[in-house]
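Read through the structures below before going on.
In the two complexes that follow, chain A is the common piece, with chain B as its partner first and chain C second.
Take a look at the complex of A and B:
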């Protein structure tokens, strides 16, 4: 029974997938859309929960058993908790419920105008009695539509809104070079001092992404170049004819990637293109046809219940 | 007594840290002191794509970009994304950007913001036109699993993305209303930017079923896999790695001389070219030492 139910569901849905692909009638398409846009999304959401559960269980077990490199499992679990917490309460760009703003230009809105302040205290002073401080001549700009802040409420400048604001200000101050100076001087209506734009920093998913994931991912991949060079120097040997052909082809394709080389050897570009267009294309087609036939055969075996490895182990 | 190593053996087993140091120098120096290289555009790949986008109808042209790039692909794929957006903005083509994987969201948003700021800064100086979020471009965000947006966009975009990345209602946005964008039939082409086989998934599901044209931006290492699709006409051109991106930047510079945006791929080509040459020289030296050592061993055995 444990196997028959999933196999029956899989058989019905697989046949349905084929029918919906080739039959263009509206009721068929509507039902297919319902399955795909609703059911598949729900299944996908549950798959994420299942995956998270499995990940947490695996690393907890590793820590409990003090398995090899168990310390790294702590890094994984802490990162998981922090990212989830920030994502749930800090929002994608730090506009969630979590008070996560550690910098940024302090802005306040009153009667459709935006004012800039030196610090949070100034902002609070303004907010306590905006009518006495609000001077339209000292307003930075009209409240952008995208900010959509209710009257009298404070506006924090997110990275996205900062970009919008900068565009607005840039247009108002035609000829101003943004690249050199991020923003023109802004006068605080409270102290009358000049406020300058500061880069904002927030604990948000975007901040985690830009601050951790981008540099880590780039570093990991950049290290490949070093390993590749070392490996190529030590192991790429012309031991026989086949290795020789591979070596020469690799040289031509690599040199063809260098614009300067194609200037000194004009036919190199065409030769590289010929290698990619003719021998490469022929071999790739052969491989693709073989893979396609193999995938079709395996799919049929799964649909018909001959291949059951996807069900995993366990009792009938 | 142990036989002393020959000079060839010593060279073949050189400390890997020396190789790493050499590679680092070869990579870093051209980044600090870049050298200009004339870029020759590959007509079947880069040229074909540029012409296809350039020939969209100016008023109602819509380009859907599936930006599936990760931080590790950034040097090759990010300049492609920036170039595509620049080209579309220059030609007044509407841009929809989506991601199939969450890891791509940050870079996709960064590229949109960068190019939008670039254009608006120029507009402030009286050069070119201004672009507005929600009118000229929209960031759709991410919906899992990938097959849902790929097939769902063929039927009704609002079922898959009822709101944009920032949570605003997509149905009411001017870009969607004015251009009557509802599904693939209202779009001119899909540009799939990925280091994996995602463009092939778009060909298999979006193009085969809904007939929309597909183009691709891919890493150089996976370019060979996509040539069958260029040959069959299923891919309308493609950009191959950093060189493809540099070619596209070259075309934008030729067609839109007032575009003063940073040409990241062209800058990176100096470092990439130097590293390629270094790898080739190292392989040649390694093989030379290998043959010399074999010669020494043959003489000894005789």
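Take a look at the complex of A and C:
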């Protein structure tokens, strides 16, 4: 039973997947989408719980055993707790219950007009959809009537934007006129008349992602260039005939890519294109046909229950 | 052979359905109105089914004048539902003006709101408008754009996209699958009868035994990365199949296996595979629940994590099997720098050169799928390898024959096999 049930489920779903590929009726397609997207998401959500359990267990074990570099496991566990806390209470874009902003934003005055500065993404989001900053606290209630949204367009602002607006009103009262259009945040119009400036940082999942994950990922990706150099060095050593052909082909393709080389050798570009379009593409297609057939064979082996390694070993 | 009948019955049902279709439905007369599976019916009678255009919209669009009367608009503009598809698409075709060729055409659509919206600008004389709503009537008009001005055609008759039972454009795929399944079942039967099947030597797979033996001698672990893709990828399934065989050998040799995962579903299955393998080999006590673990979902964070494991644990053997993206070289080069024997395999054509360069053995494309059969030496699995070879032979023959027919006799053989 331990094997029969998953194999039966898999067989039925696989046959369904095959049928839905050839049937164009909308109900069939909708049900197929439900299986592929919604149900897979639910299964994925449960699997993530298992994955998190595994992650915590793995690093706890390392700390307990004092395995090599066990200190890094503390970094991982602390990062996990902080990220979860920020995600749960700070929201993806700072819409949660945590104080989303340290300080505020830049307010500038120039030639008698006040400009509000936000970062580029925030400004774009705010200008395109002010309602996305809806706040149940109804921050606008404390504002003077003349600063309310235009008639028929009820706009709610977050606590942060309400505070920002209040500052602007104060500046207005001080004799400044509000500018109609915000100046793009990357251009500073504040030439000696800056009224306030404060750092802008949100406690949000997006801030953590953009501030930590993206730079780290970019660093790893950038290292690829150096790995490519060392791999190319190894690949282009002329150990035998095949490596020699590879070296010559690569040399022509790289040289043909350079505009200056094609000025001196006009046919180089055509030769490069021929190498890419004929021998290179032919071998790629050969591999791809093999991959297609291999994938089909693997699928059929699993559907028909011939291949059972994915169920682990053992008897029924 | 019981599977053979089942597959053929399932596969044959839509084929018989095609034969029963009347001819007028295969190639609908687009001037007659909207067609359904059950026959031709004028759209004016379909008020309960089709969302019609408002009277104002119809009158407003039909009386709009041509922008420049001296210039000729596109001729015979017709719109019809794409036959035997999954709906949401209408094909619009037109002929170029007889006297002067315009620089391009502007295709516009009008839906139930009666307003005209631009679809595209093109130099072709046909366009497949997609992402429409089934059973909603649309009209189209085409403007010929000249340097001197624009000449607009009359709007077409309203037409609605429909979904159909059989996607006729996929029939070549169905036929190819049937041929392949025939080979598959034929060779499985042959293997069952005890026919000895020759499978060529794959050096990357022959080296698996030696590589794990090396890990035993060195007293170091084996690192197994089942790709970065999800479970829906067949390459991942193949990698998981091989994981079972590799785990079986690590049990025999009493070597530690380390298997980090990027996808939580793949992690769950990989863990079960290793756990079950230990149990089935009579060593459930030797299974370390910490050997298969979930690392991180981010691509480069995963690469960094695996690199860290390679540098810290110094595994004697590294398996990089499954589907990889740009991180393939980062991991393979780091593994090479640690001095480990590396066996890689992927069906991602773009990453193969990196693996070939940085790894000791590389399973190229289909060899990844063959690995499980090759390692287990089960006759039925080996039969599927022969089926793959014969499938490739069939493709090769088909390509040669169709090319000869096209070149020698001018037959449109591309149209026979084209998937629409």
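The rule is short, and it goes like this: the second predicted complex is superposed on the first by the 191 of 316 C-alpha atoms of A that agree within 3 Å, B and C clash if a C-alpha of one lies under 4 Å from a C-alpha of the other, contacts with A are read in each partner's own complex, and residues count from 1 in each chain.
As a working rule, contacts are C-beta pairs under 8 Å (C-beta built on N, C-alpha and C of every residue); 3 or more make two chains touch, one makes a residue touch a chain.
Predicted model, so just to flag it, every value in this text is computed and none were measured.
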If we overlay the two complexes on their shared chain A, which of chain B and chain C does A:295 touch? Say first, second, both or neither.
second
A:304 contacts which: chain B (first), chain C (second), both, neither?
second
Between chain B (first) and chain C (second), which, if any, makes contact with A:44: first, second, both or neither? both
- Message: According to the stated criteria, A:220 is in contact with first (chain B), second (chain C), both, or neither; which is it?
- Response: both
Request  = Please indicate which partner A:58 is in contact with in the superposed arrangement: first for chain B, second for chain C, both, or neither.
outcome  = second
Which of the two partners, first being chain B and second being chain C, lies in contact with A:262: first, second, both, or neither? first
| message | Quick check for you: in the superposed arrangement, does A:84 touch first (chain B), second (chain C), both or neither? | response | neither
Exercise. So, does A:281 touch the first partner chain B, the second partner chain C, both, or neither?
Worked result: first
Chain A contact set shared between chain B and chain C covers 21, 29, 40, 44, 47-48, 213, 216-217, 220-221, 228, 230, 232, 234, 284, 288
The answer for chain B against chain A in the complex is residues 12-14, 16, 19-20, 22-24, 27, 35, 37-40, 42, 44, 70-75, 103, 105-107, 109-110, 113, 116-117, 120-121, 123-126, 130, 133, 143-145, 147-148, 151-152, 155-156, 159-160, 165-166, 209, 220, 223-225, 227-228, 231, 241, 243, 246, 269, 272-273, 275-280, 282-283, 285-287, 290
The answer for chain C against chain A in the complex is residues 3, 10, 14, 84-87, 134, 163-167, 170, 173-174, 177, 180-181, 184, 188, 232, 234-235, 237-238, 240-245, 248, 261, 264-265, 267-269, 271-277, 279-281, 289-290, 292-295, 298-301, 303-304, 312, 326-327, 329-330, 332-333, 347, 349, 352-354, 356-358, 364-366, 368-370, 372, 376, 380-381, 384-385, 387-388, 391-392, 395
Counting only contacts in the complex, chain A reaches chain C at residues 15, 18-19, 21-26, 29, 40, 43-44, 47-48, 50-52, 54-55, 57-58, 61, 68-69, 213, 216-217, 220-221, 223-224, 227-228, 230-232, 234-235, 284, 287-291, 293-302, 304, 306-307, 309-315
Seen from chain A, its contact residues with chain B in the complex are 21, 29, 33, 36-37, 40-41, 44-45, 47-48, 92, 146, 160, 163-164, 166-167, 170-171, 173-179, 206, 209-210, 213-218, 220-221, 225-226, 228-230, 232-234, 236-238, 247, 251, 254-255, 257-263, 269, 273, 276-277, 280-281, 284-285, 288
